[in-house]
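Chain lettering (A, B, C, D, E and F) follows the sequence in which the chains are written, and residue indices restart at 1 in each chain.
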Amino acid sequence: MAAKRIAILVDDLYEDLELWYPYYRLLEAGHQVDLIGSERDRAYTSKHHYPAKAVKSIAEVRPEDYDGVVIPGGYAPDRMRRDERMVRFVRQIHDQGKLVAAICHAGWMLVSADVLRGRRATSVRAIRDDMRNAGCEWVDEPVVVDGNLVTSRTPDDLPAYMKAILAKLGEA
Amino acid sequence: MAAKRIAILVDDLYEDLELWYPYYRLLEAGHQVDLIGSERDRAYTSKHHYPAKAVKSIAEVRPEDYDGVVIPGGYAPDRMRRDERMVRFVRQIHDQGKLVAAICHAGWMLVSADVLRGRRATSVRAIRDDMRNAGCEWVDEPVVVDGNLVTSRTPDDLPAYMKAILAKLGEA
Amino acid sequence: MAAKRIAILVDDLYEDLELWYPYYRLLEAGHQVDLIGSERDRAYTSKHHYPAKAVKSIAEVRPEDYDGVVIPGGYAPDRMRRDERMVRFVRQIHDQGKLVAAICHAGWMLVSADVLRGRRATSVRAIRDDMRNAGCEWVDEPVVVDGNLVTSRTPDDLPAYMKAILAKLGEA
Amino acid sequence: MAAKRIAILVDDLYEDLELWYPYYRLLEAGHQVDLIGSERDRAYTSKHHYPAKAVKSIAEVRPEDYDGVVIPGGYAPDRMRRDERMVRFVRQIHDQGKLVAAICHAGWMLVSADVLRGRRATSVRAIRDDMRNAGCEWVDEPVVVDGNLVTSRTPDDLPAYMKAILAKLGEA
Amino acid sequence: MAAKRIAILVDDLYEDLELWYPYYRLLEAGHQVDLIGSERDRAYTSKHHYPAKAVKSIAEVRPEDYDGVVIPGGYAPDRMRRDERMVRFVRQIHDQGKLVAAICHAGWMLVSADVLRGRRATSVRAIRDDMRNAGCEWVDEPVVVDGNLVTSRTPDDLPAYMKAILAKLGEA
Amino acid sequence: MAAKRIAILVDDLYEDLELWYPYYRLLEAGHQVDLIGSERDRAYTSKHHYPAKAVKSIAEVRPEDYDGVVIPGGYAPDRMRRDERMVRFVRQIHDQGKLVAAICHAGWMLVSADVLRGRRATSVRAIRDDMRNAGCEWVDEPVVVDGNLVTSRTPDDLPAYMKAILAKLGEA
C-alpha cells in the first residue's frame, strides 16, 4: 500500500482523542499527516487543553496536495465552519472524490460544506437534526461508509472509524 | 402591564450574560422568571463556571404555566436539544403562540423544535447553515422579530434583544 | 430623556453580573457607557474569568466628561482603591453632585473616596463595619438612595439597583 | 521557653504562605497549633487551591484554651468576618491580653473585632483606609508590635512577622 | 490471530495519549482491554483532566487472567508504584513471560517491579538515571524490544510502540 | 553566627511549601537566599500555580558562591534533572563538602548527581526504590542527617528539616 497524504483540521476545543487517535494511527499505518489550522504554528488546545500545533495554515494548502481530510469533533467544528476557507477545503476534497472523514460534532463541517445531500451518515446524537436538515439519511451506527464519506458518532467508535478510514485509503 | 410568567432554559456551558441579562431584566420589568433544567435544584455552570440553579425540572413544568420561553446560547443548547422534553416544551410554547426568544447558539433549539420553516430569524454566524437548512430566512441583524419569534446574534445584541422581548410581552 | 455618559470602573476579579448587567442595561436605556481601567485596552477578567476590555484608562478621563460612575463589586474594588487616580475620580464625580453607584464590595471605593460621612447606604454584609467606620448609617435594604449616592448589596439586588440608577439619571 | 497553644484561623481564599509559614514555624519552635474554621474537618482551599483542613470548628473552641491567635490574609478574612463567632473569638483573645497577630488583609478581622482604637498597626496598603477608620495609627513598616498586637503587610514580611510573634510568645 | 486479554494500569495524572492510544489501538486490533486502578469504578483523571474509569480494581485481578500489561506515563506511575499490589502485578506478568510494555515515566514501574536487570530498555530522558540504576542498558531509541519487554520514550513514539506491542502479541 | 549564602533550586511544579518554607525560614535566620532556575527572571509556578521568580539562572552561578543548596520537591526535580547544569551544580556543592538538602521528590536530584552511594537518607516513599538503587540506605524518618546531606520526606517534616538545616549551617 502506498503512503497517502492526509489533512487533519484543528481548532480550539477539539475533542482530544478524536484528533490524536487518527493522527497517530495514520502515522502508524505509514501515511503522512498534516495538522491544519486557521493559523500556522499556532498551538490550538483541546476541550481538556491538550495542545496541538498546526504545521500549516488553511491559507497555504491546496486540496490537490492531499488524499483525504479527517475532521475531529468537540466544539472545534463550530469554530472551523466560520472560516470559509476551511469549509471550501472540505468541499473540494469531497468533490475530488477523496476521503472525507468526520466524527461526532465534525458533522457540522459536512453540513456547511454541503456534501450530505442524498448520503447516508451518522454523528453525535446532538446534531442529528442538523445532519438530516442538510439532506442525509441519518443512522445510529458506529461507523457509516458511503462512497468517500466516512462518519462516526463518539470516541468509543474510534476503532471502527479508523478501520474504515484505513480500508478506504487502502482501496484508493 | 400585567406580569408575565417566563421560563428560561438552562444547561451546562450556557453563555453567562445571555442567561443572566434576560433573567434580571425580566425581573426588573416585574415579570416572574423560572430557571428550568433537566434536573431540579441542580446548579448548572456557565462557560465561565458561573452557577445557575434550576428551580424546576423540565419534567414538572407545563407549557400552559408560562407566557413565553427564553433560551440562552453558549454550548448549553447543544446539550438541551438531546432532551426530547426540552425540545417539546419549546415547540408547545411556540404552537400556543407565545413568546419564543433565542440568542446566539440557542437557534439550535429552534432547529430541533422545528419552528423555523418560513420564518425570518438570526443567530450567531456559526450556525447560520443549520438555521437555513431548518427552513428560515436567515438575516444578519441585531434582533429579528417574526410573530412570536424573537432572535438575536451575540451578547452585544442583548439590549436590542431585551427591548424586543419586553415589547412583545407588553403587547400580548 | 437625554442620553447620559456613564463611567463603569473595572479591574480584575470584578463580579461578573455587577459589571455586565449595569453595562447592557444602561445601553438598553440609551445611555453611553465607557469601561475604564488602570490601563487602556487591557482585558480585565472577572471572578469567573469573563473578559472585559477597558476602552479608556483612568489617566485619560476627566470627571467633567461623565454624568455618573457605576462601580461593580467582587474583589475588583480591593484593587481599584490602591490606585489614587481611581479613588480621586470617584470623589470628584461625587463632589460634582453626579451619580455615584456602588454594589456589594464596591462600597470600599466609597470608603476610600471618603464620601460616606453622614450618608445612608448599604453594601454586602462583609464590609458593613468598614462602611460604618467610614461614617455612614448602614442599612440592610436592597437599594438605598441618598442624594446622588445609590448603593446595593448583592447580584440579586440588581433589578432594584438599576431601577434606582435609571430613575436618578432620568431626574437629573 | 514553655510551649504555647496557638489558634490559626482559616477560611477559603486564605493566602497560602501567610497561613503555612506561621503554621510550620510555630511547630518548629515547639508550640502547639490548631487550624480553626467555621466547620470542623472541612478542607478549606487557599487562593491557589492549597488545601488546609480545620481540626476544630469555631463553635467548639474557647479563648481560654489558647495563648494567642494568628490570622492569615488573602480574601479569607473577608469571609471570616461574616461569622460573628470568629470575630468574637478574636476580640476575646485580645481582651484577655493574649497575642493577636494579623498580616495583609487579616487587618479586616481586627477592624470587625474593634481592637484597633488608639493602636499602632500596619496591613496591606489596600485596606489602609479601613484600618485608619477603625481608629488605628497606620504605618508602612514590615512589622508593628503594639502591646499584644502584631501586624505585618505582605508575604515578604513573614520573616520579620514571625520573629516578632515568637519574641512575644517567649516573653509572655 | 487470537484475541488477547490486556491490562492497562491507570492512576491520576496519567499522560492522556499514552493511555488512550494503546487502549483504542488494542481494541481496533481485536483484543480485550481492561483499565485497572487501585479502586474499581473510580474515574481517574489525566494530566489534562481527561477521565478514565477503572473497570476493575487491582485487588480483584490475577496475572493469570491477562496476556500482558501496558503502563502509561505521565506522573501516574509515581502514584502506582506506592501500591505494592500494582508493582507485584507487573512483576508477576513479567515472570510469567508475558508482555510488559512501558512508555515515558512508566519506566518507574519497571524499576519498582525490579524487572530491568540485564535488560535493554528506554524511557523519557528524565528518568534515565533511575532506569540505569535499576540495572538496564538504557538507549535512546523510539522503541526497544527485549524479550517480553517493550519500552518507548514519549507520545511521539506511540506509532512505533504500538507496532511493536501488536507484533509481540501476534507472535505469542 | 555568620550569614550564609544559600541556593534554592526552582522549576515548574515545585511543591509550594517545600520551596517557600525554607526560603523565608533561611531569611528569618539571617541568611542570604537566591532562587535559581534554568532561566533568569522567569516566574516558575508551583503545583498549585504559586509563582516563584528565579533571580539567577543556573548558567551564571558558581558553586563557589554558595554555602549550600536546598532543593524542593513536587515534580520540579523531574524537570531539573534533565538539565545537566543543575545536576552538576548539586554535585559540586556536595563535593565541596557544603550543605545539600533535599525533601520529598528532590531525592531524584541526589540520584542524578550521584551523591547517595554509601549514605543514609530518606525521601517521599514513592521514590524509595530509585534512592536505594542509587546506593543509599533508605530509612523512614522525618529527617536524616548524614554529613553534609540533609533529607526529609514530606511537607509535614518541614519543621524538623529546617531545624537540621539551620543546625548544619550554624556548625559550619
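Everything below uses one rule, namely that a residue touches a chain if its C-beta (ideal position, glycine included) is under 8 Å from a C-beta of that chain, and two chains touch if they have at least 3 such contacts.
What you see is a predicted model; the values in this text were computed from it and never measured.
Common partners of chain A and chain F, by the touch rule above, are E.
Matching A-E against the pairs in C-D, A-B or D-F identifies D-F as its interface repeat (over half of contact pairs the same by residue number). At the far end from chain B, in terms of centres built from Cα atoms, lies F. Each of D-F and C-D has its own count of C-beta contacts, and the greater count is at D-F.
With centres defined as mean CA coordinates, chain C is found 49 Å away from chain A. Separating the CA-averaged centres of chain E and chain F is a span of 31 Å. Rounded to whole angstrom units, the spacing between the C-alpha centres of chain B and chain F is 58. Shown for chain E are the residues that touch two or more other chains, of which there are none. Judged by the touch criterion defined above, the protein chains form a single closed ring in which each chain touches exactly two others.
Taken in ring order from chain D, whose neighbour in the chosen direction is chain F, the chains follow as D, F, E, A, B, C. Considering their complex, residues 16-17, 20-21, 24-25, 27-28, 46, 48-50, 155, 158-160, 162-163 of chain E touch chain A. Those residues of chain E that touch chain F in the complex are listed here as 75, 78-79, 81-82, 105, 108, 111-112, 114, 125-127, 129-130, 133-135.
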